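The same subunit A turns up in both complexes below, where it pairs with subunit B and then with subunit C.
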Partner chain A sequence: MSTITELLTELFLMPLIAFMVGLAMVLMLRKIGARLQRRVGPPLLQPIFDIVKLYGKDTQVSHGLIHDIGLVMAVGGYVAAEIFLPVPGMDGIADKGGIITLSYVMMVPSLGLALGVGQCANPNGSIGISRALTAMLAYDIPFIIVVFGVAAHYQSTSLVGMIEYQQAHQWGIFEMPLLAAAGLFALQGMMGKQPFEIYVAPAEIATGPMVEMSGKYMGGLFVMQTFQLYTAGVLYTSLFLGGGSNWFEFLLKIFVVVAIPMSVAFVFPRYRTEDMVRIMWKWPVMAALIGIAFVL
Partner chain B sequence: MSVLDDLLLFTALASVAIIVVRRFASVSKLSVIVYALATVLLVKMSALGYGGEPIYSSFTLNVLGQNLYWRFDSLSWFFALITVVIALFTSVFMSGAWAEKYCQEHSTEAYGLLQAALVLNVLSMLVLLASGDLLSLFIGWELVSWASFMMMFLNQDKVARKAAIKYIVYAMAAAMSILMAIAMTYSMTGSLDYVQIMQAVAHLSNTQIALLVTLYGVGFGIKMGVIPFHLWQAAAYAETPGPGAVFMGAISARMGLYALIVIVVQIFSLTRVAAIEIPYTFLNMQNILAWVGALTTIIPTYIALKQNDARYLLAWHGVGQGGYMLLGVMIADSIGTAGGIMHVFNYATYQAALFMAVTAVMFRTGTSNFSKLGGLVTQMPLTFMVMVVSIIGLAGIPPMNGFVSKWLVYRALLLDGEPLLFVAAVIGTLGTILSVYKLVHNTFLGQLRLEHQDVKEAPLSMLLPMLGLVLIIFGTGVMPGVVLDWVAAAQNAVGIAPITHNLGGIELAQGGLDMIWVTGVMFYGFAVGAIVFYFLGGKSKHIHQFDNYAGGHFLTSKVRYHYSNHFYAGLMHLIGGWYKDFFKKLEQALVSLVSFLSQLSENFYRSAQPAVLVAAVAFIALWFIMSSFSMPADTGTVAPITQGIQGGLPK
Partner chain C sequence: MSKIGNIPVNAQAGKKRTNPLAGVFDELVQFCQSRSMFMLHYCTGCGAIELPPAMTSRFDMERLGIQPMVTPRQADILLVTGYVSVKTLKRVILTYEQMQSPKYVIGICSCTVNGGMYWQSYATAKVLNEYLPVDVYIAGCMPRPEAVIEGMRRLMRNIEEGKGHAWKDYFQRYDYYLGNQQHLFGDDWQTPTDIIGEARHYGLETEQTYGEHTRILEQHQQPLEPHKMRIKF
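Moving on to the complex of A and B:
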């Protein structure tokens, strides 16, 4: 049965590719940051060394079963999300869910992380989660308006259908520039990049979700971040940049998409949580609603 | 004798039996048997769930030339099934250890009354669901109102009593509104029978329909707790004794939705309602109802976010979730209404499980106050698991059943091109996620209090129904087709095109949903996550819950550091000012107005100063006489004078 082998390949390869591409994105993030600060930046394999180092640490403190399961949910939720994201040549399962399902599957890792941190019983960790969930409330409202606009424009919730439409007609970014702009804004928050990174900010590490994460727990969060960058890039590419007809074009697009927020990030300080909510509910929401008015 | 006769007669006899034996210990077992048998009778009617013909009761009444009768159609059966199954789970939940403790703390009599209240609620709801005309609907409606009141009034706490009184005042207002609407319907159409009214509706004017929809809407809306009538529900349900809150929270308020579907969707039909334009706006009557639903999802959800007591938080979410149902039904296409009706089932399962989990925590710790809980996950892991599964359902995250019904509502709004309603629904969902995390974090995660060190897992009699509900929540999430079959039959019964579906969800050309695949992929993801976590990297060391430090200090368990107060401080800094208590103030203003008027009239009536009374009566009498006598004189005398003055003015 060729379909079953195809399916198994997809199930295996899609998360693996996502992980490798995500690692490359982390490297790119660090390189961009370094060049902006006139440093050389880390060597090519640094992200892999980091993960190996974190997983191999001696001190690995678990605060209980939910702490562990939280990490499993955080990584596993993204593994599932990657399978629902169509990539060139592999979109067998993407149609079973569509964009609404994907948006909600992407909340599972956040929930898992929140549960895991909660069991650590560190008040600083809980404060971090309270901030992270508030941030989610902030960026998800413009994001979901953008999703609505895009789905209404293509008259479909299927990502595969959207990509087909764009490849036959025109990229979404040209048909819906306002929604694309709002989407990019929301993406900045979704990836947790400056100025919207207070809940994971290195300077705030003592009051953030990572406070009780050591060894492979931190490593799990690292893996989660690679998936997160990849997911953001692929999602935006599928909605606005016509997906990819081949891998070269596809990878080029997703790296460009992720590079933009990263370049923007390094020239900003960070907002307080409530200021993030305010700015997210004002400009991108306004742009997205006007964009929808044009689409409908 | 039809099966419906059996069911109603059986429940009525069972009510009598439970009331008679309420002081004996056997009442617990009896009630479980009663609901189990009622479930069996409903299963015997299960043809209704797959599009069978309505079943009529052979008992009818003739009042003033109107034929009162009772029947079950697919919609009634769907609601009845939820009611009876939730009652079954509730009765198991309250039968064992909970009953012993309640009897010790209160009395055997109090426990018996709770059982009696539960069975009377079930009976009255079945009577309401079976109603075949407006008069029997009204009878059922009143029975439900008073049965609910009885349940609420069992808690002798001052707050609870006040909430119960508030409820009955609201319920009376609702009943008056409905009675007025029924009287008007009768005078307009000359009948109380659904079928005859349905035929007569075509001849009614838009104004008449609008008036009727408003009156019925207010009446049924009060029971559902929609904006602006949402204030009574949370306190009333939260303060009801544990299992009572489980039952009431899960299904009681949905009777309003049932009646609304019957009257507005089935009899008036939404196309007719949509044809009524509201002057000077772009909206029609259907949009207004949809917006009421959307606002009901947002406002109570964000009120829930601020609660500091688990029961109140859940009860406020109950109000908010009602908004999704109303919104879904009011989208009026087959996907949207399916979402709305299916949400009744999904909501009942997870809300019951959540209230049970909170009741179990209260059973072990004696409180549901967030400031006095925390860290219970190590003590009550299964209850924690129940709560996590249920909050995933409540928040509408896959793979639990709450996601499916919300997905249908979102999908319908997308197809319909309703961006603002869609955004409103999503804002409600996001607020729910924040608020349920607060619930689970403040109860089960964080620091364990020293006095809760010896707390044990909930007893088996309470765990079993909770775990059963968890199975339903997950099972119907993976295979929503099971419930969608019943929903499609119910849609058919109220004259909406039934949803085309399969076991895993729905198939649509422009993006469908297949929950079997979604769940499969998610669990595959978790498996990969588990392999990555457990098989790669070093071994982790488990440390005790009390072994903790923060800010460079070791924290002993004597220091209270559980982060539960003012949980979303950053968010509240921004939106805190938006809570204006507008509706509360409106309610207070109304109350003050009524009490002022009643006091005025009372004072006047009882006034010990006859002179004032005589003067007032004389004044009114004089005014009355003058006005009646001067009427004809007006034209004769006043007019010439003015004319004279005008004419006499120098130019």
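Moving on to the complex of A and C:
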């Protein structure tokens, strides 16, 4: 009985922690962007202000049932992903699901968003979401190859097992540097940072998928973003940086991982969608395949 | 909802507040609203040139929680920077009506206050608050970024003190605004947003919502239909 209570507590706490940490990550990214442009940047609680304000709007425009369901899928997909990600002291159901399940669950938000945006019937939104799904196709190929390589190296698909192995021996980034580099490349696309952010393109297609989102819907997307950053950071840390034995080490690692794409983002202009597919299927895939050859 | 086939209003109507903490929640939401403002800058005239320094490293609006957004759906503030010609005003009104309440309008430059140097122009709408409820005017030709930020802070104070309710005026006195709009654009002026239906839905209608001008609107209003798909070879 106590194990069930423990499990339920973990299932409740893990998404909550993910949300808190994600808020801090959003703040960090905006601060990094501001400091790179020599600005002061937003105050400490700005992400919370934004979300409360968006949820507190007086009028809402819903474009129909699928619009609502799509957004629930987008947020819910990431909430489901959090319980597969082990954190120090809490495993949730990470040892049951493993990384294959996690990869599937992480695709749910994009698909949900596609459904929701589809019903908005805004041409900018349709262009944006078609670009976003193409981008997903682009970065998921190297990402899946990396995941496959890592699983082959550790002879396991369980994130808990991988972390234990790394903490006992050596971090994955030293054992599989090519796979780690390919993973970092895919991470840049997964987080939609600068060279790969054509599906947002505020000046050209008016933020693409977000174009018709108002009030609570936009708030839902802001919440989704916090989970997205957390998921990306924790996944990379678990695969290559040995997870965390305590919370301080763990948080330090995931914040550094999330900070890297933002810090290099402003150096780049923007790739077109077809160029993004080309570059994603060429360099990271090549690096990952060579990495697998070393691992096997 | 009126009978005319406009975009329907689907959200739930406002419920009675029974929670004893409702006042605290309202204050929290007001505080957050004042600290997080997404602005849509409709750059019609020369005042737009003062916005880049206000947003970038010299004055940095983001430290006040103000950041630019690109679509009316996401935005809270409509920034009209400069003169509004009759043709532009139609677009400004369409944009304003698509924004979600609470929404605020800031008129920057003398041109929005009284026409400014375009006072004698036949093609310019002189006083912006005859067509839209304006929260804050920032006078000057052009106002410096400090003045723009000071105007933003004035709006923040108003919202925090619960005085930023100009948007309700558009629903409550729609007939007045519609009359001025019809005076410029002609009797067959209509927008895709169903203002009367929204006013009724959110409980904001008064006697002044209706009048002779809304009757003219109902006579001339035509149902909106989606564009036909055509492929040309």
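Rule of thumb we're sticking to: the second predicted complex is superposed on the first by the 291 of 296 C-alpha atoms of A that agree within 3 Å, B and C clash if a C-alpha of one lies under 4 Å from a C-alpha of the other, contacts with A are read in each partner's own complex, and residues count from 1 in each chain.
Assume contacts are C-beta pairs under 8 Å (C-beta built on N, C-alpha and C of every residue); 3 or more make two chains touch, one makes a residue touch a chain.
Just so it is clear, the model here is predicted, and its values are computed rather than measured.
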Which of subunit B and subunit C A:Q46 touches, first, second, both or neither: second
First, second, both or neither for A:Q37, with subunit B first and subunit C second: second
Which of subunit B and subunit C A:A151 touches, first, second, both or neither: first
Partner chain in contact with A:M213 - subunit B first, subunit C second, else both or neither: second
First, second, both or neither for A:A74, with subunit B first and subunit C second: first
Subunit B/subunit C common contact set on subunit A: 56-62, 64, 206, 211, 215
Of subunit A, residues touching subunit B in the complex: 11, 15, 54-66, 68, 71-81, 83-84, 93, 95-101, 104-105, 107-108, 111, 114-115, 118-124, 126-127, 129-131, 133-134, 136-137, 140-141, 144-145, 148-149, 151-152, 155-158, 161, 206, 211, 215-217, 219-220, 223, 272-274, 277-278, 289, 292, 296
Sites on subunit B touched by subunit A in the complex: 375, 377-378, 381, 384, 388, 392, 395-398, 403, 407, 410-411, 414, 417, 419, 422-423, 426-427, 430-431, 433-434, 437, 440-441, 444-448, 510-514, 517-518, 521-522, 524-530, 532-534, 536-543, 545, 548, 550-551, 561-563, 567-571, 573-575
Sites on subunit C touched by subunit A in the complex: 7, 10-11, 28-29, 32-33, 35-36, 56-57, 60, 62-63, 65, 67, 69-71, 73-74, 76, 100-102, 198, 202
Subunit C-touching residues of subunit A, taken from the complex the two chains share: 30, 34, 37-43, 45-46, 48-50, 52-53, 56-62, 64, 202-203, 206-207, 210-215, 218
